[in-house]
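See the structures that follow.
Two complexes come next, and they have one chain in common, chain A, joined by chain B in the first and chain C in the second.
Here is the complex of A and B:
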């Protein structure tokens, strides 16, 4: 393809091809500190291509494609090309990854002990992970926790942190020196701006961590905390995993082992400060 | 640029090609192999060769994925067997599920999507009722599509299982009744080989004929490279077991009106995978076009050669139904698409 960018993020590497220069330039700038794929061979290929040949020029429209695709993924305008690239990279892992059990979760780590924050979109995973990283936690990732079925350890996947709407200013206030991507207003998920993980997150991206807490945060409720049993955690994580079924018995074994070993708690919170306090009290 | 797709064929046919492969080409090969659903087959073919570490990791994951796919496909076949057992009719597994159930080379690493089975036409209604009672549901909500399947197709409208989310295609023969060729369905059942668990597979000859028909007498060749790889694997395994296999295949193909389709498939397999068959009389125009279509994918996984693709798409409809019926079908489809878009 015309414009190409390759990058490794933890154990997953990508080759991104694009019909346009702009998304590749943005990726190059934001992923500046990241390594190249090992041996020059990427795990996944992503394509940002025009939905029709003329849509490269007229009202340019980016189709999200790659090795693994959803049949009905809606295209995005070129102004949101960076978002298209990020979505396509996530999709490769979500649909194609078989080395790890993928949990839709943010993960932070300190002293080798990892806290996994999972929940539906809007629960505050990315925001809380970014805020915890401002308090000395290592950001392992805001989208997927990669659970190694052999060891029960977590691999980091510190891609750009996707912040939405009000969270953008909250995180900018907490991390005034951090680098951010361009503000993409009016995307299908609202306003989006990407945070570049700090140097500590990049330097340690190949360090594994043992999960010690599983947290189900919920934003917009009066403060509350209740323990979650292994059975409930198991069921909720099967729904939060993109490849649990595809991994078969291996996925079942990995997940049962995880919920038995890792105590889980559900935290309702009205504002970031109370959530941070509740999470740090667990650690 | 047929380069990457051609390279994939070389690696499948001659795995040692991997030893001299330029590192920069691996990304392209893996992408094409994934796009053609041949990554699992490639992974099995290259097992044991010294490969770059990343490639080994990617292929190891593909092997695990194929193993799990195999297990799930066999389980799905068992679920269908249980649902259909009370009917007391033969149930023949087709395509990928048949290959893995019979332990054939063609099943090694093969991607398996839907479960395809063949039952006698007289048992079709009862089979549908039994499957619906066992948790399968209709997929096609559109009444025209549904009635089209029931009137003109060689299979029931596709059913999906509401809990396992897996599709089943229940065929009563291997080509639509409106198609130009009419395979002898009774012979398919008569020659079928029981697996000993209540399910059967087609005879070796019929299996190759079905794959050839599927490739060149039915669809538009999307996914054709995988079908052709099936044919190479089947032919190599069956000729290895029986020196007269190709002669019996030719005789059997005549019986199913599929002589031309089978020779075309064998020539294409020989051309792309070195399948050891006597080269029959070539049809230069067709053979060249088929090769162009089968390799129409670039190193980014994009489909290329739109004109060739479109030609085979038109051809697939031409083969499937007589012209007047085709015109009516396309008119109804175009109108319903228009309605959907304006809705």
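Here is the complex of A and C:
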């Protein structure tokens, strides 16, 4: 690979190699405040390859690869190289991680107490986590909650926050001084722009937190809140985990312990303000 | 012909966690998590590591003759999931 970038995000480190300079330059700029992998050796390797050698010059498109691959992952145009890199990094962690139970969730923390927000794409995880970070919560991550099976504590994974469509302007208004990546218009997920987590999130990325609330937010509905029982939370989290099956009994123990210890609530919301109020009322 | 007998894994073969009205059962042999409600955990316990006939299980739960059909259905479901053996 001609261009290489390495970074550590919480307990996971990545080495991204690319046939092109642009995605690596963008990563280097956006992850400027992050540490390098410990000992210089990354946990995961990501490759952004030209789909065909000659396509590096003619209509360049990016195929993502690494230790773990999805055979059906479609190549992306080079203009979306940053998105491809982020997707590839997530994929390596999602499929390769064995130290932690991975939950597809955003996490914020205050005074050592963490709120875990989980739900399908479009539920508002990233948006709500970013908005909560503007209100003094520490952003632990917008994509994966890393649950330590031994301790029941959460590790932070504060990667770039992936904001989509209308959420981009909502978060820019709430965090006017924050740094953002380039606007990538018309990706398979719509318009995407990355938010760089603030200094507080980076400075505390190695601090663990105890989960105290599990929230299932749902955007686009009249305000409502209902408690979610441990059984339903367990079922929904097995679906929201990328490595539950791979962890075997350790995953079962970690998840049953989590849903028994952490009260869960489902929150429907029509706008960000009502969701924030409902979540902070739980904290 | 001998009556069909059923057996669930011995206690060490399963991890069972009650989660409100659901029970999560981790089957160590297959690595599969099953979700169940009453009376499945009780049924599993009654034949944990021991071959039991339908009659013995029906007696253990004090079932009337017209309730045996439901017991047979539950047992056949458990056999289909691999949690219970039939012989």
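In this text, the second predicted complex is superposed on the first by the 283 of 283 C-alpha atoms of A that agree within 3 Å, B and C clash if a C-alpha of one lies under 4 Å from a C-alpha of the other, contacts with A are read in each partner's own complex, and residues count from 1 in each chain.
We take it that a residue touches a chain if its C-beta (ideal position, glycine included) is under 8 Å from a C-beta of that chain, and two chains touch if they have at least 3 such contacts.
From a predicted model like this one, the values you see are computed outputs, not experimental measurements.
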item	value
Partner chain(s) touched by A:25 [first = chain B, second = chain C, both, neither]	neither
Touched partner set for A:191, first chain B, second chain C, both or neither	neither
Contacts of A:17 with chain B and chain C, given as first, second, both or neither	first
Which superposed partner A:148 touches (first chain B, second chain C, both, neither)	neither
Partner chain in contact with A:45 - chain B first, chain C second, else both or neither	first
Which of chain B and chain C A:260 touches, first, second, both or neither	second
Touching partner for A:37 - first (chain B), second (chain C), both, neither	first
Residue contacts with chain A in the superposition, chain B compared against chain C	B
First (chain B), second (chain C), both or neither touched by A:282	neither
Intersection of chain A interface sets (partners chain B, chain C)	248
Residue numbers on chain B that touch chain A, as the complex places them	23-24, 26-27, 30-31, 34-35, 52-55, 57-58, 61-62, 64-65, 68, 71-72, 300-302
Residues of chain C defined as touching chain A within the complex	15, 17, 19-22, 24, 26, 28, 31, 33, 35
Interface residues, chain A side, partner chain C - complex	229-235, 238, 244-245, 248-249, 252-253, 256, 259-260
Contact set on chain A toward chain B in their complex	1, 13, 15, 17, 37-43, 45, 47, 49, 65-68, 96-99, 246-248, 250
